[in-house]
Amino acid sequence: MANLNLVQAINLALIQEMEKNDGIVLLGEDIGVNGGVFRVTEGLQKRFGNARVFDTPLAESGIIGLSIGMAMGGLHPVPEIQFDGFLGPAYDQLVSHAARMRSRTRGAYTVPMTVRVPVGGGIHAPELHSESPEAIYAHTPGLKVVMPSSPYDAKGLLVACLREPDPVIFFEPKRIYRAIREEVPEDEYTLPLGKARVVCEGTELTIVSWGASVVQCMQAIEKSERSIELIDLRTIYPFDVDAVAESVSKTGRCVIVHEAPLTCGFGAEISARIMERCFLQLEAPVQRVAGFDTTMPYYKMELEYLPDAPRVSRAIEDCLAY
Amino acid sequence: MANLNLVQAINLALIQEMEKNDGIVLLGEDIGVNGGVFRVTEGLQKRFGNARVFDTPLAESGIIGLSIGMAMGGLHPVPEIQFDGFLGPAYDQLVSHAARMRSRTRGAYTVPMTVRVPVGGGIHAPELHSESPEAIYAHTPGLKVVMPSSPYDAKGLLVACLREPDPVIFFEPKRIYRAIREEVPEDEYTLPLGKARVVCEGTELTIVSWGASVVQCMQAIEKSERSIELIDLRTIYPFDVDAVAESVSKTGRCVIVHEAPLTCGFGAEISARIMERCFLQLEAPVQRVAGFDTTMPYYKMELEYLPDAPRVSRAIEDCLAY
Amino acid sequence: MPITTAFETKIEHISILDDKGNFDEKLGKGLIPDADLVKLYEAMVACRHLDEVAFRLQRSGRMGTYPQNMGQEATSLGAAYVLRKDDWLVTCYRENCGLFWRGVPKEAILLHWMGDERGNAMPRPHFATPIAVPLGTQMLHAAGLTLAAKYRGLDRIACTFFGDGASSEGDFHEACNFASTLEIPVVFVLQNNFWAISTPSTRNSAAPTFAQRGLSYGMPCLQVDGNDLFATVYATKLASEYTRKTNKPYFIEMVTYRLGDHTTADDAKRYREQAEVDMWKGRDPIMRIKNFMIARKLWDETKEAALLERVAVENSEAVARAENIATPHHDEFFDAMYEVLPADLVIQRDTMHTHSLGQDPSQLPAEARERAAQMSAAAANHH
Amino acid sequence: MPITTAFETKIEHISILDDKGNFDEKLGKGLIPDADLVKLYEAMVACRHLDEVAFRLQRSGRMGTYPQNMGQEATSLGAAYVLRKDDWLVTCYRENCGLFWRGVPKEAILLHWMGDERGNAMPRPHFATPIAVPLGTQMLHAAGLTLAAKYRGLDRIACTFFGDGASSEGDFHEACNFASTLEIPVVFVLQNNFWAISTPSTRNSAAPTFAQRGLSYGMPCLQVDGNDLFATVYATKLASEYTRKTNKPYFIEMVTYRLGDHTTADDAKRYREQAEVDMWKGRDPIMRIKNFMIARKLWDETKEAALLERVAVENSEAVARAENIATPHHDEFFDAMYEVLPADLVIQRDTMHTHSLGQDPSQLPAEARERAAQMSAAAANHH
């Protein structure tokens, strides 16, 4: 057991799985000597050598396309995309190939790979370094999408991804890379993909969130006098609709919180599912606290854009008052 | 007034606007001599010359990136992407630049352009020729997304797009390119973006759809003995939430129909909005009839995948029975 | 010295058996043993015949859009002939001849174009990837596949094919650059057939050759007559030996011509002159080998007649195998999505013909469930 | 002839004023009038000084991540000096010196890195585009901008800058290919500074030069000493004259070196040797011109001191202008989205501090509205 932050927990998960499975190979921009711009892969090239941990040319489609080939060839590549905003050039390889290869070949070729991507805002970064594109990939059948919100979860979920036979995008909320520390077992454990975590129980209202927003939700809950249940999705696709439906059936009210723009964000899907599953139990419309339908502003105004605890509190109040 | 199909209506809209505005320039793969693989730009190169209608190298990111520059330089480019599935390589230029240039420069640079893309399934085409990616771009602030379902609408909407000061993706449902003919005025008219059309009025249930699915919805409505209102969104973003809310407030029930996969499709957003706006009027959960959360199958099974009239009928019945 | 030379290079063009029947003994002698030449010829004839069969299938509504290979048989065949059976062959969609040589069943290719994924699932015994529809993307996979082999210590290279048009895609550049900087043994073969649908190759490159696309990456580059089987064999041999030895990529432009329409959905008469097509008919790769073999007494019209008969039988058997496969069940496109199907997809799969999406009947209030059942029954009677 | 030459070429390297002070009179004489040289030198010094100012601003929390230009001043400056004021200058993020020469206000650049879009809205009087963050993407815009000008019959070219790393992106390839096949007059300038963050340039190209990236497209290619202002001026002149005359693109590699960290968020000591940095300090573009001018009696230490004083004042005024701009209002990031804001965005903008998203208070039932108001009031008291 060690007290680790998210970066360290991910680093540890990589080391431990790489020790076990020599098919795991890491690649990306500046992940070798430099250990990645967030130092997530620090020390790994030294430890595992240049063939297992290597820098690529600066080209994201190339990184993902190469990884797809490596996965088809029997490895489990772990490409890193340096920032969320630079998934864009890799979109086509992810959507047209990674997501389809198994289906296209009826299982003759598969693409086991874990794409690591720092995600989200809040670190005063330049343009295109603060995006939240999870809904885009949740809308792409054939991929899985994971986003941890704590060091413990990060390790357990990442290990699960590294053993997955299908492609996963593992989003790492960079805002909490170093903001939270917690006890993380040295021992091996996995957290199942597709299972949500009930962060705290409550009876009056359910909050559903994921990634760094979970922290804002906890702050809002601490300030509230009402009994609120918080569900951290952990996996965006496939998402744990049962856990959400069960909770909302109990509380009758729900607030969803995410950083991505409102329209067609993953909150929309959750809201739609809640209606389908809990219609007769719902006492108020599901509320969404999300990024606005604008481009993520440059950092001077990013805190105006990002959902924060006061906005979550207001939604809780509005929803409870309904 | 002429009896035109969708292809002809678009061709006519292009001709008429190009006559008026010499800043409109068409580019894309095989749009010149060949008139596009669907012949939508037939005759235009001959009419307007090689500088206004030209073939590009085979590279979609290049087509959109070049168009962005042309738009920043004062023209209104109309790039064609040959098939929906090949928007993928252009994703980054659309999302990282076209959608952001105005916001990034606080209006100093803008990107007036109309990206034409044949969309959707049902024509027995090979892989990646039958996709419905509208939700992806509706989730991208800064773009507008339009999809007509008839020749009349196609002309009026396209003319509106060609006069828009912001980038629009104009999806053309290829399944009905030649399947429907109707009277289309020669005279100039536009249909406002962001306004839905009530295709037929009804009191018991509202169907919301767009593109080629509107046709399946009409078939289902014809077979039904209930009083059903059909709303064709016409514009996906910004979408006419008022028209939808008004209708559902009246009927209390809603079915949404689209070809794209269910999860995080645009139906999710509509469903969430309906809950937000019509909670107390809703008598049944909003139903979604959509593509399944699988890759669009090769054409032998595409009709199993695509929402058809019987599936819409079943949803109507289920929703009314609730 | 203010002006110095930073880089200097020369790209060669190779032709061994030209369209007039001239044969360069120095380069060509012993390159292809006679017995092999006969087999290679037969393979080209069989491939060409299947093109015609497929065309007729499409015209009679038994197949969807199909891209004929006609005229380009010697390019992929030359490569497939040279490569080891465990080297990767990563193709686009106009390399049937090479794939068949490799052992890919003809019905696999037919099924693909019949809109059936099961074609892609058929045995690819010799490291051939499925047909790639999104242009320019598969070369990166070739690099990845080979890098995986290299990582595992295997002595395996890849040869990847793509068109003059596809070489305009950004992924082409990234694949070449990854292979060269990461030292991955890939032979890149650009098939320049002068057209990308209606777009002439001059719209996809303003350079005098496509071969020089490889210079950007420091690769050795070569241009060959792609309608000359001897030349394609020669080039692939040179390239594969180099790349196998050095772990570095090699770039080949094979100059050829698409004799047919782009696909069955295309009408090439809209954009190109018949004279051009006729000229290229005179450079047909199959005819060239036939004349060569006849001159060397390896072939005659009796053999030709027998071959055509055999090919017709084989091909119609392949069509029968493709057409006689059971109608697919809709479960298939669900079950192929993930190794373990997520619960929600299981529901979608199992209720797609009985329930609305997202409408799990157990969620309905009892009376509504009742009503729904009645209405369904009524509707079933009604329609 | 079985083996013929398909393509043959040579790329030259140009250096005029080298790091030892040697000056090639033949190429260099009259290239830059003395008065201009002084001004260009002053511009480089001012740019270098602003780098230091920005570094301190970042370290003291008054600015976000900032990429220093140090060592690369002569590349973009040479180009900006040669270009006409209505030629497009389409840059990445390490071309401050050229942008300032163009007349882009320093506070525009500072504001950008202070996380404020208003920096990009500031006057770009001379056809300069905003800093491009997604690497490799802006060269396509350069081509589009110039094509629009050509379409309008204007005599205007573009010069676009990007790094050795950025040249690995697919969009780089597409931009070069579009410019050459569509005959768009663009000068492509690859700044090879040997590093892309921690990635050495050998990981971004395996070729002996980056200049040869242009051969793929049939462009004329040139490599120059990018720390030699005379050479960058010479090359841009050659290229811009060619491209203006022919409507065809031209490719230049400028060899330079990033003397500082990649950005203020980077620590270059992690991945490169001090000895390498020291060697390149000896090749500093600014020092070279200073020594040259001193030797020609165009400059002395008195002038230097006066310059430094002036620059310090100017730069702190620019910082003041950047910092004294009014705090932005959140309306700004809504209002900038579309020319006419969609109704839904108007609601989001106007209710963002008072209501939940999607919760139009008029939709609440009356008693709930009442209760919500009370709770809000209570909450406001509580916190």
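Labels for the chains are A, B, C and D, by order of writing; each one numbers its residues from 1.
Here is the rule we go by: a contact is a pair of C-beta atoms (placed from the backbone, for glycine too) under 8 Å apart; a residue touches a chain by one contact, two chains touch by 3 or more.
If you're wondering where the values come from, they're calculated on a predicted model, not measured in any experiment.
S.K.: Please give the intersection of the contact partners of chain B with those of chain C.
M.R.: A, D
S.K.: Select the chain at the greatest separation from chain A, using centres from the mean of Cα atoms.
M.R.: C
S.K.: Take the average of all CA coordinates in chain C, do the same for chain D, and state the distance between these two points in whole angstrom.
M.R.: Their C-alpha centroids are separated by 42 Å.
S.K.: Averaged over CA atoms, how far is the centre of chain A from the centre of chain C? Could you give it in whole Å?
M.R.: Distance between chain centres, rounded to whole Å: 37 Å.
S.K.: Averaging over Cα atoms per chain, report the distance between chain A and chain B in Å.
M.R.: About 30 Å, centre to centre.
S.K.: In chain C, what residues contact two or more other chains?
M.R.: Expected reply: 117, 134, 168-171, 174, 177, 181, 203-205, 332-333, 336-337, 344-345, 358-359, 365.
S.K.: Going by the touch rule set out above, which residues of chain B reach two or more other chains?
M.R.: Residues 56-57, 59, 61-62, 85, 88-89, 92, 96, 103-104, 127-128, 141-142, 263, 272, 276, 279, 285, 287-288, 292-295, 322 of chain B touch two or more partner chains.
S.K.: Testing understanding: with touching defined as stated, what is the shape of the graph linking the protein chains, line, ring, star, complete or other?
M.R.: Contact pattern: complete, every chain touching every other.
S.K.: Tell me, which parts of chain A touch chain B in their complex?
M.R.: Residue list for chain A touching chain B: 61, 85, 88-89, 91-92, 95-96, 99-100, 103-104, 127-128, 135-136, 138-139, 141-142, 237, 260-261, 263-269, 271-272, 275-276, 279, 282, 284-288, 292-295, 322.
S.K.: Would you tell me which residues of chain A are touching chain C in their complex?
M.R.: Within the complex, chain A touches chain C at residues 25, 51, 54, 56-57, 59, 61-62, 65-75, 77, 89, 92-93, 96-97, 102-110, 141-142, 144, 165-166, 194, 237-238, 241-242, 272-273, 276-277, 279-280.
S.K.: Can you name the residues of chain A that touch chain D in the complex?
M.R.: Touch list, chain A to chain D: 29-30, 32-35, 37, 55-62, 85-86, 88-89, 124-129, 223, 262-263, 287-290, 292-295, 297-302, 304-305, 310-311, 313-315, 317-322.
S.K.: Touching residues of chain D toward chain A in the complex: what are they?
M.R.: 64-65, 112-117, 133-136, 165-166, 168-171, 196-199, 203-205, 265-266, 270-271, 328, 330, 332-334, 336-337, 344-345, 348-349, 352, 355-359, 364-365, 368-369, 371-372, 375-376, 379, 382-383
S.K.: Considering the complex alone, what residue numbers of chain C touch chain D?
M.R.: Going through chain C, the ones touching chain D are 2-16, 24, 26-27, 168-174, 177, 180-181, 183, 202-209, 211-213, 215-218, 223, 248.
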